[in-house]
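Presented below is the structure to which this report refers.
Order as written gives the chain letters A, B, C and D; numbering starts at 1 within each chain.
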Amino acid sequence: MDNVRVIGGALDPWAELQRYQARGLAEHAGVGATAVFVGSMRDLNEGDAVTAMTLEHYPGMTEKHLAAIIEEAGRRWDLIDCLIVHRVGEILPTDPIVLTAAWSAHRKDAFEACRFLMEELKSRAPFWKKETLADGGERWVEKNTPGY
Amino acid sequence: MDNVRVIGGALDPWAELQRYQARGLAEHAGVGATAVFVGSMRDLNEGDAVTAMTLEHYPGMTEKHLAAIIEEAGRRWDLIDCLIVHRVGEILPTDPIVLTAAWSAHRKDAFEACRFLMEELKSRAPFWKKETLADGGERWVEKNTPGY
Amino acid sequence: MSLTVRFFASLRERLERDEVVLAPGDAATVGEAWACATGGEAMPANVLAAVNQDYAAPDQPLKDGDEVAFFPPVTGG
Amino acid sequence: MSLTVRFFASLRERLERDEVVLAPGDAATVGEAWACATGGEAMPANVLAAVNQDYAAPDQPLKDGDEVAFFPPVTGG
């Protein structure tokens, strides 16, 4: 389950991809297409200025469901590999929060699988966001925005 | 037109993204979504082993049309920035050939724009591939595979 | 043995409880585990439940040793 | 002044020409520039044309100083 990581510290998506590809993908001459998504923290949500965020997860269940999402993508598309990295804990605006990536021979498969990983993660993986507002108040985010 | 580059040497997509984002995007707290595509050279095309490739372009017209594609994406989706980098010249299997990226507040816009950049590039930007086969023979690629 | 009931995120904060341990006889289903661990509160329609880290419906039967979790809609990514 | 006609990729190789300079009177349209620069060959249906780096149809009129380009379907990315 090296292709699923929940991390407590900073997420550098490009360094993460370079490291992950170095395990054989960079030399894999069957890879024609790599699709990547990075979600970052904005300083605005539902019209309010947000100064910080805490991301909670359910250790064990989160990783299990991220792995299941990757497995499902592998059944639906022709993929060589996938990666999901998600950050938890204290987060500030501009910080990358999540990285999803799909490697395939063909771009259609890579594009669609990468987007699927992200949408499934947002609807099924147990993570919760609590925002700190500019006035110091806190609130739990109650639902995600639609992605299609 | 810094967001369009046609380069003769190696393309390192992750270093390219890091460099490009360092011009302000990394600190832009309105960016919630970054979608990226990387196309790489495979060692197989239409069932034949391919050992090398030469990519030709039409200097001037290529850059002009890549810029027009980015402009069109900006009219169709809510975007903060886009980047297209394409390699030309001699290329070997596993080498990255093309990078498209779209930055937006929202993931739907980033995903769709990134894919649009790639599909439009493949149908409109004047690049041509000539393959060297395992037996030493050469052939021009005559058409691209469908992407949707 | 026993049943462990866990609460996450806004539910954990509102109910002021993180983990409750029940005797297996206390709750035969997910819904009964909710009622027992919250002191009889009705289960809100948008609360999600998991048994042993898989999503579960309120009528799912429980067995000794199960871990039951309750949480609000997920908002990661 | 004059018209410059350029060929790219497999067309350049097959026709064994890279650039041909025509007198403006030689070709009033893109199609005529093709005929003149190839020595009267019929223009294949899949050949693409550009005038001053924008895609153009065979009947597009030309003016002095134009750069006309012919090339096969594009295959980048």
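Note that in this section a contact is a pair of C-beta atoms (placed from the backbone, for glycine too) under 8 Å apart; a residue touches a chain by one contact, two chains touch by 3 or more.
All values derive from a computational prediction rather than experimental measurement.
Enter the minimum step count from subunit A to subunit C; a value of 1 means the two chains touch.
1
Just how far, in Å, is the C-alpha centre of subunit D from the one of subunit B?
27
Report the inter-chain centroid distance for subunit A and subunit B in whole angstrom, where each centroid is the mean of the CA atoms.
23
Which whole number of Å gives the spacing of the CA centres of subunit B and subunit C?
48
List, in ascending order, every residue of subunit C touching at least 2 other chains.
Residues: none.
At least two partner chains per residue is the criterion; list those residues in subunit B.
Expected reply: 39, 118.
Which chains are in touch, pair by pair?
A-B, A-C, B-D
Using the touch definition up top, name the residues of subunit A that touch subunit C in the complex.
Per the stated touch rule, the residues are 39, 55-58, 60-61, 64-65, 86, 97-98, 118, 121-130, 140-144.
List the residues on subunit C that touch subunit A in their complex, please.
6, 8-10, 13, 50, 53-55, 69, 71-77
What part of subunit A is in contact with subunit B in the complex they form?
For this pair, the touching residues of subunit A are 13-15, 17-18, 26-44, 93-94, 105-108, 110-111, 114-115, 118, 145-148.
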